[in-house]
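In what comes next, chain A is part of two complexes: it sits with chain B in the first one and with chain C in the second one.
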Partner chain A sequence: MMTGVAEDEEKWLAAGIAGLQQNAFYMHRAMDSNNLRDALKYSAQMLSELRTSKLSPHKYYELYMRAFDELRKLEIFFKEEARRGCSIVDLYELVQHAGNILPRLYLLCTVGSVYIKSKEAPAKDILKDLVEMCRGIQHPLRGLFLRSYLSQVSRDKLPDIGSEYEGDADTIMDAMEFVLQNFTEMNKLWVRMQHQGPAREKEKREKERSELRDLVGKNLHVLSQIEGVDLELYKETVLPRVLEQVVNCKDDIAQYYLMDCIIQVFPDEYHLQTLEILLGVFPQLQPSVDIKTVLSQLMERLSNYAAISAEALPEFLQVEAFSKLNNAIGKVIEAQADMPVFGAVTLYSSLLKFSLHVHPDRLDYADQVLGSCVKQLSGRGKIEDSKATKQIVALLSAPIEKYNNVVTALKLSNYPRVMEYLDNETNKVMATVVIQSVMKNNTHITTVDKVEALFELIKGLIKDLERTAYDELDEDDFKEEQNSVARLIQMLHNDDPEEMFKIICTVRKHILTGGPKRLPFTVPPLVFSSLKLVRQLQGQEENPFGDEAATTPKKIFQLLNQIIEALSNVPAPDLALRLYLQCAEAANDCELEPVAYEFFTQAYILYEEEISDSKAQITAIHLIIGTLQRMHVFGVENRDTLTHKTTGYSAKLLKKPDQCKAVYACSHLFWVDDQDNMKDGERALLCLKRALRIANAAQQMSNVTRGSAGSVTLFVEILNKYLYFFEKGNPQITVAAIQSLIELITTEMQSDTTTPDSTADAFFASTLRYIQFQKQKGGAVGEKYGPIKV
Partner chain B sequence: MKKENGQTVMVPLFQSQENVCGKISIEPIQGKKIEHNGIKVELLGQIEMYFDKGNFYDFTSLVRELDIPGDIYEKKTYPFEFSTVEMPYETYNGVNVRLRYVLKVTINRGYTGSIIEYQDFVVRTFSPPPSLNTSIKMEVGIEDCLHIEFEYNKSKYHLKDVIIGKIYFLLVRIKIKNMDLEIRRRESTGAGHNTHVETETLAKFELMDGAPVRGESIPIRLFLSPYELTPTHRNVNNKFSVKYYLNLVLVDEEDRRYFKQQEITLYRLQEGS
Partner chain C sequence: MASRRRMLLKVIILGDSGVGKTSLMNQYVNKKFSNQYKATIGADFLTKEVQFEDRLFTLQIWDTAGQERFQSLGVAFYRGADCCVLVYDVNVMKSFENLNHWREEFLIQASPSDPENFPFVVLGNKVDIDGGNSRVVSEKKAKAWCASKGNIPYFETSAKEGFNVEAAFQCIAKNALKNEPEEEIYLPDTIDVAGGQQQRSSGCEC
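Right after this comes the complex of A and B.
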């Protein structure tokens, strides 16, 4: 069916072109023989082809363009006729004898063009006559094209100021009047198209109309090109007249297009100076007009204008552009009751961008915009519309992007209030944006207030918002989010310990609301951040005044204790243990024995009560050993208690090899090389011997259960420990002991039951090589190693 | 200057109260003589009805005797003159009626029959511009359907005049396709129950293309010169009248015609005046 129509249309167009060409041919012949009468006759016949109603705008345009070309030739002919002495006035009358109105008016416009050029009559009179006479065409399509033709032939002949057709004092008014009238009539025709024809073809009509819109819009372009239209005239005449037409036509397509056209065609400074008039129109437009796009365009243009020409800035202030725009938006939203949230937000988003560009120093403006936006959103609940959400994100991102500094955004009191209207998902996205901005720009957030504000912004990430379904949450995303929060915590810094302490307290308050899923992510950075402060304080002198309120490491440690304790509820014992140990180490550096002891206690409790997995136990025990080894703050008693416990734990590990490793590691607890008061060689040896026993037991167990002995690695490792203490001067480690261990290993390796293990072999070999090397070194070391036989 | 039976011939043109004068030459065939019982020239104003062909009604008849009875042997020229002839009517060629002026030369010969020669000439009557010439303004319509107001700037137009006017649409509920202005001539002949009325459309001038909406005003500018119009003739010698009408026709999409006819008076304006 549709293809049928299209085919028919092709046929009609072809027929039209054929008819046109045939008559054009006769017209040319008549023109060549200077036969005016025939030329008129055939030209009228040629133009009759344009009377068709069968073509769509697109095809009609094709036909029109052909006719247009022919009319150019005819115009030249008319000019020659006039030069040959044919009165142009007569010619002007002659063409009006044509019986059909459409050809008549095309011819009239053509002669009219020559008439104006001849200057036998004032351009304004001729133009006025032409534009009046064109009223005879009430058919939208034909009328639009005819008037477009008129506009085309007249555009270089307007009685503009400075033009050769300039008339008397009011010349500019005449030029303007002409264009305005043609514009008005064209718009009426264009709008009328909408209401003609069957309702079911509405879509098709709208498409056709959009194809024709530039014909109408061109008039505005012509207006903008008139030299004489200065700001005054534009403000007093042009704009009100155009807007009147826009408002009165009550057609959404036209209103949208024309408003956009006005904004695009006329200079920005005009817009700025006529802002009130222009904006006053928006609330009067049809409810279905896409005002937000147009208005956003306007604001964008104005922002760009402000960006390009700095000298225009005072003008912006002078005309109070911002408050006018703000008001207008409010009114538009009020007027368009069923405007979707998305529209309103888009408007505010544009206004915000405008404000940020034009008045970057006026943060209050930005806040005002956000405030208005909140007002619009209030009572609507969370926004579900994805487009609206997107716009809000854009709205909220704008200040951050502009200032590259979240701190500025934090000053906007309405900022978090807007965020509240986002759904949880988007809220998080937005929070991530905020955090990323902080990261990217390396912004340091330095005061408690700001930290408070910041956490208000990102609370979507900090704690569970109501109605969040965790099941739907992607684990990776969640980790990503929380990692970013963790990074953010590192950015909160103030060199002043007092403030920093407050910041820490604030952060703590917030992150503790985060629930068990978040704490493992958020607690460590806070702990380390606090420890950083501790280290900072540690370097300073004690507060000489002993001020109670002053921040001391002690206070921080108390706080830390509480923070880490929170993890136990998660539960995340591994992590808590590590953090306790970290804290203990810091306390150690601060010479706070009781504190350090407390942390160790906590760690031990965790070990005993919470860490049951044997692998986790191994890791934990090694961590404990490592930390404890470095502790120097403990008195003998405390240290004994702790080391004893540790050795005990080590021996109770599940697997023998693990036991062995832990036990020989414990030996270091008794012999700390750089601390003279901790060189208990006997107990170190005891540990090693015990380890050796366990290794033996492991070997035997392996023999029994698997029929082959395990690797000798454990022995080699113990040998290395022996060598270490030997070298460090532990008197309990004797050459004989080493010697026998070497022999033991050699025997074991040669034993049939031992599983060959190349790694262990290599390890042993290199250990032996080391002994050899030390022997050859000579001096004290060489002497020491001398007796060992390999 | 006037067209006759498809062909164009040049004929003398007069107006009322003019002297009609000329010469008549009679030249017998070489070596022959013409015997006659007198020669006369007549100036006749005739009205001829086509349905009553051959029956002329002479409303003007003037005679000049040119020669007493005698013989003509060689070419002889007679000057003649009808001075300040009253010729009240214009020459007219209509559908059913013709008004003509003719000079008739008769050479009376007894038994062989007279020799008669005709020479047509044309008379035009000129009128001064009318002192009273009001515009025609009218509001017409079909209830709840179409309401228009139209205006023609005058009620009396000379033949080279231009009709200026406008049509204002007060109400449009029908889908109008186009609007034409027609000039119609109504020629009525005879009298009483014998009256014949013939209407011709002499001009069809498109005023508007497409459907207007309420509030539109469409301009009219119609030049009369291209059309073959005559002045309005009212009751010429009780024989016929010629009247002109402007007919405004609106055609809707179903090709229904809505029209309003309005008489206008045409007159011939003295050139140069």
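Right after this comes the complex of A and C.
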């Protein structure tokens, strides 16, 4: 059916073109032989093709353009005729003999153009005549094209100021009046189309109207190009007249399009100076007009204008552009009760961008816009409409992008209130945008107030919002989010310990609401942030002024204890153990023995009660040994308790080789090289001896269960420990002991039951090489190693 | 007959919104310039008489809307063009990148008989801005593109200062003139002995 229509249309067009060409042919022939009568006759017949009602605007335009090109040649012919002495006035009369009105009016306009050029009569009179005569065509499509022809041929002949057709004092009024009248008539024709024909063809009609719109809008372009239309004239006459037509036509298609045209064709300065008039029209438009788009475009234009021409800024202030726009938006929303929330948000988003561009220093404006937006959103619950959501994200992103500084956004009290209306997912997206901005711009967030405000903004990431469905969470996304929160926590800093301590307390308050899934991500950065503060205070006189409220390492450690304790509910014992040990080490450096002891106690409790996996135990025990080894703050008693426990744990590991490794590592707890009061050679040796026994037992066990003794690696490792303490001067380690260990390993390696192990062989060989090397070194070392035979 | 046709040269100006198409035309035809941005709606032309090799021609210069939404009726006016002027803003990369699109769009819509040799002229406008410090498209780059499209003549212009505008349009007119007219040779199917033709009646009398 549709293709049928299109095919028919092609046929009609082809027929029209054929008719047109045939008559043009005769017209050319007549012109070539200077036969005016025939030229007029054939041109009229040619133009009759434009009387068709069968073509859509697009096709009609094609036909029109061909006729148009032919009329240019006719126009030249008319000029030549005039030069040859034919009176143009007569010509003007003569063409009116054409039988049909449409060809007659096309010819009249064509001669009229030559007439004006001849200056035999004032341009304004001829134009007035022509624009009146065109009323003869009331068929919308034909009328619109005829009038657009008139507009085109008169375009360079308007009695504009400075034009060669300039008339008397009122010349510019005449030029303007002509265009305005043509515009008004065209708009009437265009609007009338809507009401002609059967209702079922409404869609087709609207499509046709949409195709024709530029013919009407063109007049506004012409008005904007008239030199004499200055601001004064625009404000007093042009704009009110055009707007009057826009409002009174009561047609939503025309209103939407023409408002868009006005905004686009006239310059920014004019809009700024007539803002009140222009904005006053919006509430009067039909409720179905998409005002938000038009108004947004206006604000966008003005924002760009402000952005590129700084000298225009005082003008913006002078005309109070912001408050006018703000008021207008309020009125439009009020007038259009059915406007979806998306529309209102779009308007405020545009206004916010405008305000940020034009008044970057007026944060109160931005906050006001957000406040108005909140007012619109209130009572609607969370926003479900995805388009509206997108607009809110744009709205909220604008201040962050503009200032590149979240701190500025934090000053906007209505900012978090707008966020309330986002669904949980989008709320998180927005929170991520905030965090990314902090990261990217390395924004320093330095006070408790700002931290509070910041956490208010990102609370979607900090805790479960209502109605969160857990199973919808993507594990990777979640990790990503929480890692970004962790990074953010590291960025919160103030050099003043008091303020920093408050920041830490604030962060703690917030992250503790995060629940077991988030704590493993958020607790560590807070712990390290706190430890950084401890390091800063470390070495300072404890409470130098006796000020009870002052921040001291002790106070921080108390807090740390509570922070880490939160992990027990997760549970995350491995993580908590590491953090306790970190704290213990810091307490050690602050010379706080009881505090350090307490942290160790906590770590041990976790080890005993929570860490049951063998592998985790091995890791934990080595961490404990490593940390304890570095402790110097403990008195003999405390230290004994802790080392005793540690060696006990070591010897109770599940697998013999693991036991062995942990026990020989414990030897370091008794002999610390740089601590003179911790050089208990005997107990260090005891550890090594015990490790040897375990290694032996491991060999035997292996023999029984697998039929082979396993590797000698453990023995070589123990030998290395012997050598270490030997070199460090532990008197309990004798040459004989080392000697016998070497022999033991050599024998073991030659034994049939030992599993060949090239790694162990190489290890042993390089150990021996080391001994050799030390022997050859000479001096005290060489002397020490001398007696060892390899 | 052919002479009458040849007295009119049709030129179409194309390019992105805001590159200065209307300003170039106004500068050339009226020697006027306005700094204000005013969008163009639809298409229309201004004419200018040019003297060339002792003959007088009328240059019909079509200014067009750069914004697609103001081109609702399509581009039937491309038909019969003798030269197409492609304009970009030397300070806006996108407007240069879009030249290709405008050129191809023109060739498709106007479908000249010999697209390979259809005359184009490229204008890099707004060279005055910020003393040339904000330009992002170098002359070399623009010329390379023009060379790759069959040695399109290239001009750097400033509609604001009138720089090179006259020279550019001289070249445009010259190239338009070189374009072979595509006059459709029309022969009527029947010789109308009576010298007249039946009026086709269609509907109302208007």
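Following the convention adopted for this analysis, the second predicted complex is superposed on the first by the 777 of 790 C-alpha atoms of A that agree within 3 Å, B and C clash if a C-alpha of one lies under 4 Å from a C-alpha of the other, contacts with A are read in each partner's own complex, and residues count from 1 in each chain.
As a convention for this text, a contact is a pair of C-beta atoms (placed from the backbone, for glycine too) under 8 Å apart; a residue touches a chain by one contact, two chains touch by 3 or more.
None of these values were measured; they are calculated from a predicted model.
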What is the contact status of A:139 with respect to chain B (first) and chain C (second): first, second, both, or neither? both
Can A:182 be said to touch chain B (first), chain C (second), both, or neither? neither
Just to be sure I read the superposition right, which of the two partners does A:196 touch: chain B = first, chain C = second, or both, or neither? first
With both complexes overlaid on chain A, does A:52 touch chain B (first), chain C (second), both or neither? second
Of chain B and chain C, which one touches more of chain A's residues? C
Once the shared chain is lined up, is A:96 touching chain B (first), chain C (second), both, or neither of them? first
Check the residue A:212 against both partner chains and state whether it touches chain B (first), chain C (second), both, or neither. second
Partner chain in contact with A:346 - chain B first, chain C second, else both or neither: neither
Residues on chain A in contact with chain B in one complex and with chain C in the other? 51, 99-102, 136-139, 142
Where on chain A is chain C touching in the complex? 19, 21-26, 28-29, 31-32, 38, 41, 45, 48, 51-53, 57-58, 61-62, 64-66, 69, 72-73, 76-77, 99-102, 136-139, 142, 151-152, 155-156, 210-215, 217-218, 220-221, 224-225, 227, 260-261, 264-269
In their shared complex, at which residues does chain C touch chain A? 1, 4-5, 7-8, 22, 26, 29, 32, 34, 36-42, 44-47, 58, 60, 65, 67, 69-74, 76-77, 79-80, 184, 186-188, 192, 195-197, 199-200, 202-206
Show which residues of chain A lie in contact with chain B when the two form their complex. 51, 93, 96-97, 99-102, 104, 132-133, 135-140, 142-143, 188, 192, 196
Which of the residues in chain B end up touching chain A in this complex? 176, 178, 203-213, 216-219, 221, 223, 225-226
